[in-house]
Structure formats: C-alpha cells, structure tokens
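There are two complexes below, and they share chain A, which is joined by chain B in the first and by chain C in the second.
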Partner chain A sequence: MQCVVTGGNVKVLAKAIHSLSRIGDELYVEPQEDGVSFSLQLTVFLCRYSIPDGRNFRCKIAIKSVQSVFRSLATLEKTVEKCHIELNEQKDRLTFTLHCKHGLLKTHNLSYQDSESLQAVFNKDTCTNEFRAQPRVLVDTVAHFPPSLEEVTVTVSDERMWVRNHVEDETERSKAMLTELCLASDEFDHFVVKTPNSVTFCLKEFRGLLVFAESSNLPVSMYFDEPGSPVVLSVTDGVLEGNFVLATLSDDPSLPKNKTGSIAHAPPSPPPDDFMNDDMDSYLIAMDTSVASGPSTAGPSASTLTDPCTSKLPEANHRTRTHSEEEEEEMEDGSERPPNKKFRSLFFGSVFPPSPKMSTQPVTTQEVLASDSEDES
Partner chain B sequence: MKFRGKIVDVACLNHFTRVVTTISKLTKTCVLRLNPDNLFFVLSGKVANGGVSMWCELSQANFFDEYQMEGVSPENNEICLELAPENLSRALKTVQNAKSVKVKLTKKHCPCLTVCAELPTLSSSSRVVTHDVPVDVIPKRLWHEFKEPSVPDFDVSIYLPPLKTIKNVVDRMKNLSNFLVIEANMNGEMNLKIETDLVSVTTYFKDLGNPPWGDGASQDGGPTQSRDPDSMAEARVDVRKLQQFLVGQQVNPSKSMCNIVHQSVLHLILLHEDVSLQYFIPAVA
Partner chain C sequence: MPLSTQSQDDEEHYVLVASLDNARNLSNILKAITFKDHAVFTATPNGLKVTVEDSKCLQANAFIQTEIFQEFTLKEDLVTFQINLTVLLDCLNIFGGNAVAGTSTALRMCYKGYGYPLTLFLEEGGVVTVCKINTQEPEEPMDFEFCSTNVTNKVILQSESLKEAFSELDMTSDVLQITMSPSQPYFRLSTFGNSGNAHYDYSKDSDMMELFQCTMTQTNRYKMSLLKPSTKALALSCKVSVRTDNRGLLSQQYLVRNDDGQICFLEFYCCPDEEVEEE
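Moving on to the complex of A and B:
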C-alpha cells in the first residue's frame, strides 16, 4: 500500500491525528479502495492511493508515534509539501515520508501490529432525531462542564435540547453539583425530533471531536434514536466526512422516561421565576426536630451497566464495507449490537470518487536525504 | 426560608466571581451567611483546618441589582448555609458573559444554591444555564459557631507590604522551612524570618506605616499605650497556611494590614471598598 497526501490536506490529516489522540491510544490503519483509514477506529482522508492486491489488511499503531510525525501543525503548514505513506508488510513497518521545502525529506518508520478488521454498526439515516449546529454552539455548551466530567445526558423535546452532567454514582447524586444547559431549536442549523427522549454518552470523546470540528470550522451533526442505541456525530465538508459513533447508556433510571410520542416527560421549561421550587420551611422543621439532618434521598436502583467510557471494542462483527462512490460508507441494515456492548469509533471517509488515475499512478521512489529511522531499508 | 438575588452588571458579576474564587482557594468548605444587608463567607477555626479561621463580608447592595430574602424567622432574619465555594466559583466562572445571573435558594435533590444565567446567543432566544450547587442548611442552634470574630487584643498592628512581594518571599522561604516567623513593631517595620539548623533568612520591610485604630477599635490596653514602638511582636506560623492565604488572592485590596498578638495569632485583614476579608492564623510554638 502506498499513498500520497498533498498540500493543505497534510495539515488536515495532522489535525485529525491530534484530535484522535485526545480520545484514544492506538491508531488503526486500514487500507481501502478509496483511501486509507487512520483512526481510532477508523479512517481518514486521502488523495492518491494504490494497493497491490485486494487483501483486507488492518494494523494498529500507538497513536503517539503517529502524532510525533505530525508534531507541529504550524511547521507542517509552512514546510511540508506532501506526505507519502507506505506500508511494508514484510518488515511490519508503516513509513511516513514528509516531503518538505528545499528538498528535505523526513522519514518516519513506525512499527505496527496486525489487527482484525472491525466495524461499528450504525445507520444515520434511520435515526429519528437529527441535529446540526455550528461547532461554536457546542463548544460553548460543553465549556460549562468541568473538564473532568465523564458523561453527559442530552434530552430533547420538540423545541429544545437540554444538556446536563450525568452523575453515575448514586451516593454522589445527592451531593453532586448539577449543571444543565438549555438550547433552543433556533440555535441549530437543523433540528428534527421525532422521538423526544434522553441519551447519555461520553463527553471526553465529544470534546475531542469538537476540537477538530472547530479548528476546521465544520458544522457538527448529531443523530440518535433512544437510550442504548448509539449516538452518531458527524462532520463533513466537500472533501471528507467523519462519523463518530458513541455508545449510550441503555437504562438510566435518572433519565426522564419516554412514553411514545409524549413530550411531557422531557424536562419542563425553566420554572417561573419565583423564590423556590419546594417548600424549604417544612424541610427545616424536619431538620430541627431530628438528630440526623438531611433529606432522605430515595434514589432509584443504580444502573447495572458499566461505564461506557471504559469499554473495550466488541468482538468482531465483521461486515464488508460496501463502497460506493458517494460520500457515506453505507452500513447494511440489520440487527444492532446488543445495547450494552459499548464502543467508540471514529469514521472519516474520503468523499473523492476513486479515479482511474489513482490506482495506476506509479509511486516514484524518492531519494531519502535524511532519515531518522534506525535501520536502513 | 427564601433567597433570591440577581446580578445584571457585568463588572459586579466579575467582582463577585473573583471574591468567591478567592474564598474557594482558601478553604474547601465554608459557611455562607445571608442577611438583608450582607453576605458573609465564614470559616470557623477548628482543629480540622489547623485552627485557621476566616471572615469575609460583602455588602449585598454593591453586587446585586435585586436581593430578596426571608430568614428562618422574623426575629432571626438570616440564612446560614454550608457549601463548597469551589462549586459556586465554577458555576459563576462559566457565566461571565451572561445577560443576567440569578442566585437562589432552591430544593432540588437536596437544598441547593442555584445559579441560573441567561446567556446571549446569535439567535432570538437565550440560552439558559443552571448550576445547582448543593448546600447544607445550618440549623439555628449552631449559628453561634459562625459569628463575626472580634478583633483580638493585638500587640502590633501594621500595614502589609504589597501582597505580591510577600508572596514571592514566602514562596521561597517555604522551600527552606515549614515555619515562618512574622514580626512587626509600631514603627512601621516588619520582618519575615525563617530559621533552620543550617540557615536563617530574614527579609526586612520598613516604612510600612501603622493603622490608626483609635478608640473605637482598640480594646483595653490598646497598642498605642505604653508600648515601645521598636519592640517587635511576633507570631510563628505554618508557612503553608500563610502561603495558602497569599496564593488565592484575586481581589486587589485597597488596604491590607495585619495584627499580631505576640506568640498567639496572626490576624490578616484585607479591605476593599465593598468587601472585607479577615484571616486568622494561629501561632505555633
């Protein structure tokens, strides 16, 4: 496998790598017909591509190694003209060669491990709730939550979206600080809710994606159905499309339960501006007259699910990707994964139709003027 | 028991946030007392905090555009809450650009101080963010623990050098010793000293000036009477406690001073036009 990334796309690739590094530690590399996938769990974007045979191949690399290739974005922009990526299966090596100005070549040889092909199962088109917003809106929203927060719950009704922090531990719930932000539908470029309900997912990955979307100034789309089904976050422009699939908690007793079609169970609009929601006085009387103070919190039984943020990849549910000339990577309809298997994956796909030139373009060998690799080829 | 306040002015919001942030750097939990005219952040000197205590007084009219409260009873028109100032600080910091911020006492999953802000957006509607800071209501029978401290019968009272300067000195001294001696006299001289087996270091400050307490503030045998102006009163304190006081200062005081009760307590006072902060550090042997 060999491919070349030219010009401004090198910086985009670098930004994507940095963005992915915020989310995970290992990068999966998988050559495909129309591009190479580098990602946390999947692909990014490329231009010219050739593959010696049609074998399905996939490997994984520590993401820090790849990050070191694209270390300084500012320098990349100024000095790198193109990036040549070559897979050497005999030596288990992935070579990145940066062609810089003044004829300088920087070669990075990274070792990898073989890995199985994996795909997450999702289908954006069948999701009943769909939103799209400028990244700034979402960045400003998550800014209200502390950086250490693991999970957020998003609740939607016809006209609004509420985002609040999710408190996992039941004992914490009585003493935790709760933050809730309400966004009106007109802050979004697109806002469609067919099944009002709530989903809870990992904030950390969401933030990573937002960093990328904001730096590339791409609107972020969000698709989901119901708790348990994944949330798909998507960024797209003419050249690439990224799909980010997050698992959601399938049964969270603290969420407002959804009755079909009913909006009534979404959080009500902010209460009228009066003093208090509840009667503090009776609470005080109760406190004064008893030794043990504090209201009893009759919390519901805790969810038995594990934290989505610490899950491992599911066992391979291999599906061959059906490539098409269109932008998306279509997934076949079919049974979804059982909701309590959690996974995170990031899909970026090239939207360039495979051109006839691509596969036949010979890759010219370049003289390596300066290489920092240990062994010679 | 009810409380509702509203801040509209951005400078007031900023100032209030900085005060709360300063408090959050001084202590993990504190008591918030509310009465019709003032807010107080109180830390009572207990063994758990190493005997350090704090009293911070804000005049509500200088911060809130609207302020309504009903205390526990008409005779005791006050509210006393225990909270983690860091939560409140975090909530306020995120809403600095709000059109208005309301703070109210609510009962959600537990009693909370709710910060509710209306944020500007590009669209026609506002974005509303709500932060619920859990609080504990302190029953009236415990209020005596959180009274305003009386000014101690000090031996010396002196204005402090710029806090930044002291902080620089204390930061370096902390590396050499756990305890620092602060001594001063009524002649405007103050020394910060550390002494170990290997080394002793002293930083001298002169011409600081001594606050004129006058009759109103001084107790019996006030400092102006029969005290040799050159005689130093000292307090040996844990340097980390002093450093903690200095590190979090976000409010630039118009006046800063300290009172020393010889070998007993160091009383630091920061005054701003609408906020006063008093901090007591006990002396160790």
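Moving on to the complex of A and C:
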C-alpha cells in the first residue's frame, strides 16, 4: 500500500492525528478502496493511491509514534511539501516520508502490530435524529463543563437540544452540581428530530473532535437514534471525512424514555421562546397537580406521567415551559421526567410527596432554596 | 571611571588582563559549553580558549579571539588555569542575566598567575562589583589528534535546517547515527527509538548545504547523551561544519556571531561508539 498526501493536506492529517491522540493511545491503519483509514475513526482521502492487492489488511500502532512524525504543526506548514505513506508488510513497517523544503527528507519507519479488522456498525443515513452546527457553538457549550467530567447527556425535542452533565449514581445526583444548557434549533445549521430522545456519551472524545473541527473550521454533524445505539459525530470537507462513533449508555433510568417514539408523546409545544409569562403560582400548582396524578416516585415511567399532564392540564403544561429569566439552568421538559425530583432541585429544597393534599398548600410562600441533600423519599 | 583607579603596581603584576565593554560577548558563548562545572582557560596571543571535557569522550572548546576584546594584554606566551565555569558565569551575570536594552555590563578580567585567583571587575550603571574566583591546577585537555589531513568527510550546513532536525530527534534513541557519503543519502542523521527508526537526509544539492566534500561512505554512531550538549551551540550559531576522520571521530564547528556582529567559534569533538562500521 502506498499513498501520497500533498500540500496543505499534510497539515490536516497532522491535526487529525493530534486530535485522535486526545482520544486514544492506539491508531488503527487500514487501507481501503478509496483512501486510508486511520481510526478511531478517521478516513482520509488522498490524492494518489495504489494498493497492489485488494487484501483486507489492518494494523495497530501506538499513536505517540505517529505523533512524533508530525511533531510541530507550525514547522509542518512551512516546510513540508508532501507526505508519502507506505505500508510494508514483509518488513512489518509503516513508513512516513516527509518531503520538505531545501532538499530535506524525513523518513520515519514505524513498527506496528497486526490487528483484526474492526468496523463499528453504524449508518448515519438511517439515524432518526440529525444535527449540524458550527464548531464554535458546540465548543462554547462544552466549555461550561469541568474538564474532569466524563459523560454528558444530550436530550432533544423537536425544537431544542439540552446538554447536561451525567451523574452516575442516584445518590450522587442530589449532591452533585448539575449543569444544563439548552440550545434552540436555530443555533444549528440543520436540526431534525424524528425521535425525541436522550443519549449519554463520553465528553472527552467529543472534546477531542471539537478541537479538530474548530481548528479546521468545519461544521460538526451529529447523528443518533436512541440510547444504546452509537452516536456518530462527523466532520467533512471535500477532501476529508471524519466519523467519530461513540457508544452511548444503553439504559439510564434518569433519562426520559420515549416509549412510542412518536411526536404525540413529546412535550407539549408552547410558544418556543415565551419567557415573558412569569406566573410562578400557576406553575407551582400545575407541577404539584402533575405529581399528584402520577404514579409513585419510585418508578418514573415517563409516558404514564406524560398523559395525565398532557390531557388534563395542557395550559398548565404550557406554563411549565416558562422560566424565570434569572435561572441559569433551563428547566427540562418536566412532563417527561420524574417531575418532583427536577422540581425540587430547581425551586424548592423540600420534597413533594405525591399527595393530593399538597395541592392546597400555599406553595408560593415557600422559600426558594438550592438543591438540598436529602434523599428523595 | 572606577576601573581605572587601580594602582600601577597591580597592573604590573597581572599576567593576563582582558577587557570587554559587553560581558555578554563572553558569557553567551560560555553558556553553550557549560555541560560540566569545570573549564580550562588557555590564553595565548591569539586570544582566549575555554575547554570543557566529559569522560574523555567529549570535548568542547570556545574560541574568543584577541580582536573581540577591547583590551587584551598577555605578559607570557601561555597562561592557563582551571576554574569553576558555573561560578564564573554567575559572576558575569551578577547584574542580572536578562539583557536590558541600552545597558551592558563591562568586564575586566585579571590574573596574576599560578596560584592566584581570577579577579573580575564588573561594572554596570556606575555600580562596580569585584569577584575573585579561585583557580585550580589545569588538567591537560585531551588531544584527539584530529587534523585536517585525516579528514575523510566534511560538510558545512546552515544551522537553520539542522536546528529543526535536532529539535525533532527521537530522544528515546540511545545513539545518533551519522552517515556521510559521496552518494545517496549524502548526509543522514538516524535515530533508533522505541517506536521505530527515523532518518533525516540532507541532499548535497540542498540550498542549505554550503559545502559538501565527502570522499568515502562512513556510518558512525555517537551516544545521544554526548551530542546533546552541542545543541546549545547549534542554537547560537548560523553555520555548522561537520567533519569525520578515518577513525570516525566527529568534529563539529559552530560559527557564532556575538551581539556586536563579531565572529566566535565553538568546537566539539566526540568519540564514536565502539562498533564503528565503515563501508
């Protein structure tokens, strides 16, 4: 296998390698029909490409070795004219040859290990939810999360996307700081939701991709179906296509579940950005009622909660969408979540048991407290 | 000026007096060879030579010719002493190491001879400091017997391109292999590290190559640890000459321009690793 990368594409390849190094330690190199794939999961289309036999071959190489070939991005841009990549199976070597200015030739012979062909099973075209945004939008979003955060949950409705930090344990959830951001569909270049849903995936890998996308100024596309199926993040320009396939948590009780997948079960759609209606009273009463009419707090079954809310109190639900503007954290769609829990963390320190008696309480007189540390009873 | 108030007697006793308006013209060059604490100073009518050695395998020499000094008085043909180079540099930078625009430290270096300390008079902005540094019995520097008649291969390169190569060298490699040949690959630097090997090839037709005189194909390996000190000299230099002799001994000569545009030389000799492959 031999291929040549010329000119500015060498820098793109180098940036891609550096970006991948933030995600993993090993690089899988696989010649394909139309390019060489450096996974996870990056496919580079090159100018000239030849493969002597069509045999399927894949090798594994420590990413630090490849990074040492493209060490300094600044000098790369100034001095490298082209990069020649050759796979020599007999000698077990992957050779990168950089042709630089002033007649300087840099040759790196890297040893690799054979590896089985790994292909993540995914098909972007069949995903029901599809988004595309400028990298800046997403970079600004993830900037709000601490660097140590492992996973984020992305929830989508037909008009909005919420991004919040994922907290593993139920018990920890009450003690942890929850950060949530809401992006309206107009912040995206493309926003299609056929299956309102939530997925949880690794933030570290996401950040790595965003670094690459931002430095290359490429929009980021996101595709997913449902929790358990992978989320695919994609960046592409004419020459290069990068697909990052991230696994998602398959079952998370805290995530809103959409049993039927139809829009009927989606949150009731109010006038989207109507934050002017600041009627706390009705809101509180509405929430209270929705708690009372639902099942016990133990097993949140979103659809059963949704129906009473939707059918009995459409107006109240409309108000659930309003927010006091000083609240930094946007209220998630209450009808799809165990409402009392969410409710508690945003407005009140006390727990609202599912009792009809509560609806008569003058809730407005209660103090607005930060989330308390009591367990939900 | 305070420095001129020295008594006439003292002046007569000094076997060596060297003055510089800008002490950096000496300290910058000496910084490039400070890989060991001690150095041997040798003063001859040609100027000052400072030698640093490591384990009899590596020797560095800094040459500061008489013309660089504002005053250079030598009462004997050869004056030599050993001194702690780190201490000397600390003294030369006593007014602060960082260069402040428009100011410079003036230096007057005086030596009375065997057994006497080296006296430094340093002045900046009207403030004078006097430093006396003890000298030691000079050790005889190694004579590698490297002479131009035994030189088999020689190249002169512009430092810019070598700087880039050296900054990228795989430091997990124990050795740096240098291949010089009248045919391909002409001038090659190779490393053998954990992830594989790497080669940096300089074509003889490269515009960075100022001189290319190779008579035979030679491949020699040198310990990376012995070549590392020369990277400081490379950083200061604008040109470098690389020569090997029939024994594979490596000679690197660096041309350095000081603050005033004057030329000084740095020279490194390095012994090859035991197995010398000569093709």
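Everything that follows uses one rule, which is that the second predicted complex is superposed on the first by the 255 of 377 C-alpha atoms of A that agree within 3 Å, B and C clash if a C-alpha of one lies under 4 Å from a C-alpha of the other, contacts with A are read in each partner's own complex, and residues count from 1 in each chain.
The rule is short, and it goes like this: contacts are C-beta pairs under 8 Å (C-beta built on N, C-alpha and C of every residue); 3 or more make two chains touch, one makes a residue touch a chain.
Computed from a prediction, not measured in an experiment: that's the story for all the values here.
In the superposed model, B is the one of chain B and chain C that contacts more residues of chain A. Applying the stated contact rule after C-alpha superposition, one finds that A:H102 touches chain C and leaves chain B untouched.
When both complexes are overlaid on chain A, the residue A:N197 reaches neither chain B nor chain C.
Of the two partner chains, neither chain B nor chain C is touched by A:T248. Legend: residue contacts after superposition of the two complexes on their common chain; A:E180 is shown touching chain B, with no touch to chain C.
Using the contact criterion defined above for the overlaid structures, shared-chain residue A:A143 touches chain B, although it does not reach chain C. Using the contact criterion defined above for the overlaid structures, shared-chain residue A:T236 touches neither chain B nor chain C, since it reaches no partner. Those residues of chain A whose C-beta lies close enough to touch chain C in the complex are 62, 64-65, 68, 71-72, 75, 79, 93, 102-111.
Residue ranges of chain B in contact with chain A, taken from their complex: 1-4, 68, 70, 72, 87, 90-91, 94-95, 102, 104-112, 116, 119, 121-134, 136-137, 139-141. Chain A meets chain B in the complex at residues 137, 140-141, 143-144, 146, 173-184, 186-187, 270, 273, 275-281, 283-284, 287-288, 293-295, 297. Against chain A, the residues of chain C that register as touching in their complex are 161, 164-165, 167-168, 170, 185, 194-203, 205-209.
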